[in-house]
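Shown next, in structure tokens, is the structure this report addresses.
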Amino acid sequence: MMTAPHLPGVALQIRQVYDRNPSVFQPVGPHSKAIATLGWTLIVAATVVFIVVMTLLLLPIWKRRHASVEDGPPAPVSETAWLLYAGTLAPAAILAGVFVLTLGAYHAARPSGTGGLTIEVVGHQWWWEVRYPDEHILTANEIHIPVGREVRVVLTSADVIHSFWVPNLAGKTDLIPGTTNIAWIEADTSGTWRGTCAEYCGMQHAHMALTVVAELPGDFNRWTEAQRGVSAAPTDSATLDGEAAFLSSQCVYCHTVRGTQASGRIGPDLTHIGSRLTIASGMLANTRGNLGGWIENPDQLKPGTKMPAVPLGAGQLEAIITYLESLK
Amino acid sequence: MAAAVELVEIDSLTDRLEQTWNTPKTLYGALSTVDHKTIGKRYLATAFVFLLLGGAQAGAIRAQLARPNSHLLSPEAYDQLFSMHGTTMIFWYASPILSGFSNYLVPLMIGARDMAFPRLNAFSYWTFLLSGLFIYTSALTGAIPHGGWFAYVPYTNAQYSPGANMDFYALALLFLTISTTAGAINFIVTILKMRCPGMSVSRMPLFMWSTLTTSVAIVFAMPALTAALVFLEFDRRFGTHFYDPVRGGAPLLWQHLFWVFGHPWVYIVVLPATGMASMIIPTFCRRPIVGHVYVALATVSTGIFGFGVWAHHMFATGMPALSTTFFSAASMSVSIPSGIQIFAWLATIWAARRHVLATPMLFMLGFICLFVIGGVSGVMTASVPFDWQVTDTYFIVAHLHYVLVGINLFPVLAGFYFWLPKMTGRMLDERLGRWNFWVLFVGVNLTFFPMHAVGLRGMPRRVYTYPSGMGWDWLNMAESIGAAVTVIGILLFVINVLRSRKFGAVAPSNPWGAATLEWATSSPPAEYNFVVIPIVGGREPLWERHDALLGPTADTDLAPVNSVQLATWRVLDDGKETLESTLLDADPQAALHMPQNSLWPLVLALCLTGLVSACLVGAPSWTVIAALSTCAAVGGWLWPKASTLPPSRIVA
Amino acid sequence: MSTFAFEHPRDGVLREGARGRTSRPKTTGWWGMVWLCATEAMLFASFLGAYFFLRGNIDAFAAEGGRYVPLTLPAIMTVVLLSSSATAWWAERGIERGDSVRLRIGLGVTMLLGLAFLSLQAVEYSHRDSSWTTSAYDSLFITITGFHGAHVAAGLLMNAYVQLRAWLGHFDDEHHAAVSNVLLYWHFVDGVWVLLFAVLYLSPRLF
């Protein structure tokens, strides 16, 4: 049931990659926690308002359910009580309270501090280009952040409007061509969470996810160190064959593997593809079978994707998978 | 009043009016009629068909989303379905269905014999119908709009959406704005200038206030959409740069223009429905509404506030903090007038003389329930940080459907149960009506309430499928089951309407004991509406029993009258005539000669269809020809009939 | 008809009924035209809103939108169009007094001035060194002024229509609602031009 038809190797169960459901009410950072608290407060207030109004609506009908069918005298009614006190002042007071809470959460959820880590994210149809300008890292669809540090995410788009959203960490910020927006994310604990594009951006909007990995500072430094460089050159023959197959394929027109002649700029950088948790922009877990299914027929998995199926000879696909998996 | 008083024989007057106002039951009659009741019924039927179309699209969407990783629909088909669902429901159902009620009811409620501009009214209907057909012809070409009803650029620009998909969208909407604007101007002038004597502004039924507010809002809001669409088509067709950030344009320009129109539009599609509630609830409580004046003021101020909140659709676009908080506060404040309306209805129910829980009233109770849910979730989304989390998720889908189903569809169905007997002369079945209400109420809540949860659990909108195990699976299944129940609810309504045509009890002139003038006419009303122009002495004329003031009508409750003394200006039988009155006091001012049936409205609408079609295929010569014939049709329409000219000046 | 010979409820009786009113009541058509002008005004307001939004937010647009544009020709156009409003008013006052000759002359002169305005606009366009696909500013400038030009053209068509009827003798001091409605539209279109002139031509010199 979890497999796409005709692609028996592809397992769509992506959920295992993540530590939590991508829920607004499973916050793991200070920003999302402030909003979750606000959210619960609003839900309680809304429920109370709803119950009060429904009581006012149904109580008179219930009370008079056995009343005779003859018209009674019109009951006395105070317009001041109903329309001024109940209909205007009470809602105004509640709204004033909500507005104060809103301002509080607004400041908690959108700090303006600088000096933290900066990540640049560029939206593409339908994947995320990720750059760490200070660390000289270029990757895609996966963001690593250190636990307990405020991270500034600089957002822009290469084509249409997208929206950057990691529910466990923060609210949405749009990626708009010609504009630079800033989002702030911070995680209190280490873990892996799912982010997604939240603005309709075309046919594969549904499959434009990204992965956020929060790590303890030591792990994060090791990761940046590894990402900055190139992957170790292949040594065993299978991987060497794979590299040759990759470099002679059409893959290189769109993808870059630093340290090789592959320097295409259209698709995601693959220098460390083997280290990533997911492929196809968070659609599939990064497994051998999934890689194969994805490369063999991208359009079957993500109809409309810009990645074409490239003609590969017998054995070439296997070799390329081996090579890509080696790019740690 | 200096008008002469004469003895009028009612029978012969009725005959004469019958003759003057009669529309022949021929093809010509059907195509040329300018009768507001016929046009109103056509609006209602056509908009209801669009509701069924939009509903079918929603059904397909829910079938696809019932389970994760579903392959029932291709992403392309899904995008087209949700785009057409939103566009159809918002533009070709929600507003036109209310225009249908207004068309039918406004002249009747104010004691007039037709709208101020009957031919323009026919034209509004034809352009509404033809623009709807135009956008649905996209299905024949396969280039169905796919950019959502909101059509954000740059995705909808030629670079990312080549093909005619979005051209259909833009041109069909430009076409429809003509219909909507013409209709709105017609309602405004009708309500301001054609009320019967006695119906000063302070005595107007609340449905008039909501129709008037809505119409004024249309006049002021629609042009922003027109501008946005013109820019879009110019960008797509001619390579201009309105939305191109590289050459000094901005994608956000579209969003501002669209929502400057779009948020008032929300009030445009709900305010007339709240006006209907203010007519129906007092009827079934057997007393005037509590706080009539405040409800009227709340209606008007909602319409005005509605223009100041558009940017709350754009909290995630990175607006400056000051604007963000301003629009947050404004969006919260807009719920205060709604609160006043709700408490006026609650007070009316508390102070009722009796509760008559007939089907229209059941729908009204359901409406208040859904209105409150949609209202409080609206306040939640006005809270900016919370909106950052929930915007573009299913929470918003839940919110907007509670608003649109709750404050549009439920009052509309209440309105059908309430006024259809007036229109057709047949009552709808009460038992079936109760089933209809409860099935629909359960279905709607089962469909839309879990969407709050699934949105808070992180499911974005407008995704054609979703992975399993994210905490969304069973909620989506529940929503899809709810959608099936909703479909049954709507079908029950359709069955009830169809069966009433043959088996429905014959409707008396005032089956619900309601208060306003439409119930003083027979069911269905004569083509001329009122034998004589009525006079009213209060807000609830039929409850005040001023029968003498209302004059002889076909109302069976009134004693038969053969001849009465009437002021001459109340008779108006020299051709198609009705009364024009002063703006505030509704004093009689002039006898208005109403136009005869005419084919020009249809001809002009067809010329415009030719024009938008020529624009669509991009044929310059055909565009010019269509534009010239449009001008010619306007000229033909406006050219006066010899009989309306000053006699001495006609050149033989 | 003969069974009840009441005085026909035509205008005379009714106007007496209107309390103390001396001037002619506005027709429903006139009210319709007022609201048509209102919605058209919002269209131009949306255009100008777009202008200010882009000028305030987009640097590339502000650089061009804040540029001085030559004033001589548009100033002449403004004078021409405002004079046409004056002649239109003169024509309408004429027919209100039953002077149909003055109506015809006034409408004719108004039309000539409108045509002159459109010709001058064509001259202005031909002097521009950019097309409307050069930049967003050019797109917006041409669209706004072009839409206004189209409104002037529509006004001229209406003018032609009432002129034709004027020559056919359709109007007298009591019956000339069509003239009033058409000229109301004409004044509106002229008023819009003043606003456009202030925003597109003058505002870059002010802020």
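Per-chain residue numbering starts at 1, and chain names A, B and C are given in the order in which the chains are listed.
What we mean here is this: contacts are C-beta pairs under 8 Å (C-beta built on N, C-alpha and C of every residue); 3 or more make two chains touch, one makes a residue touch a chain.
Keep in mind that this is a model prediction, so the values were computed, not measured.
> Kindly indicate the chain pair that has more C-beta pairs in contact than all others.
So the chains sharing the most C-beta contacts are A-B.
> Farthest chain from subunit C, going by the mean of C-alpha atoms per chain?
Centre of mass proxy via C-alpha means gives A as farthest from subunit C.
> Quick one: subunit A and subunit C, Cα centre-to-centre, how many Å?
Centre separation, subunit A to subunit C: 53 Å.
> What is the distance, in whole Å, between the centres of subunit A and subunit B, each centre taken as the mean of its C-alpha atoms?
From the centre of subunit A to the centre of subunit B is 39 Å.
> Report the inter-chain centroid distance for subunit B and subunit C in whole angstrom, where each centroid is the mean of the CA atoms.
Going by mean C-alpha positions, subunit B sits 31 Å from subunit C.
> Could you check subunit B for residues that touch two or more other chains and list them?
245, 250, 252
> When you check subunit C against every other chain, which residues touch at least two of them?
Residues 58 of subunit C touch two or more partner chains.
> At which residue positions does subunit A touch at least two other chains?
178
> Would you pull the subunit B residues touching subunit A in the complex into a rising list?
69, 71, 74-76, 79, 148, 152, 154-155, 160, 245-246, 250-252, 286-287, 290-291, 294, 316-318, 321, 324-325, 328-329, 332-333, 335-336, 339-340, 342-344, 346-347, 349-355, 357, 365, 368-369, 372-373, 376-377, 379-380, 382-393, 456-458, 460-471
> Under the definition above, what is the set of subunit A residues touching subunit B in their complex?
For subunit A paired with subunit B, touching residues are 2, 4-5, 12-16, 21-25, 32, 34-35, 38-39, 42-43, 45-46, 49-50, 53-54, 56-58, 60-61, 64, 67, 69-77, 79, 82-83, 86-88, 91-92, 95, 98-99, 101-103, 105-106, 108-110, 125, 159-161, 163, 165, 167, 170-174, 176-179, 181-182, 194, 196-206, 283, 303-304.
> Touching residues of subunit C toward subunit B in the complex: what are they?
Against subunit B, the touching part of subunit C is residues 3-11, 13-19, 25, 28-29, 31-32, 35-36, 38-40, 42-43, 45-47, 49-50, 53-54, 57-58, 60-61, 63-64, 132-140, 143, 157, 161, 165, 168-172, 174-175, 178.
> Across the complex, what residues on subunit B touch subunit C?
1-4, 6-9, 12, 116-117, 120, 181, 184-186, 188-189, 192-194, 219-224, 226-228, 230-231, 234-235, 238-242, 244-245, 247-250, 252-253, 256-257, 260, 568-569, 571-572, 574, 577, 580, 582, 585, 587-592, 631, 635, 638, 640, 645-646, 648-651
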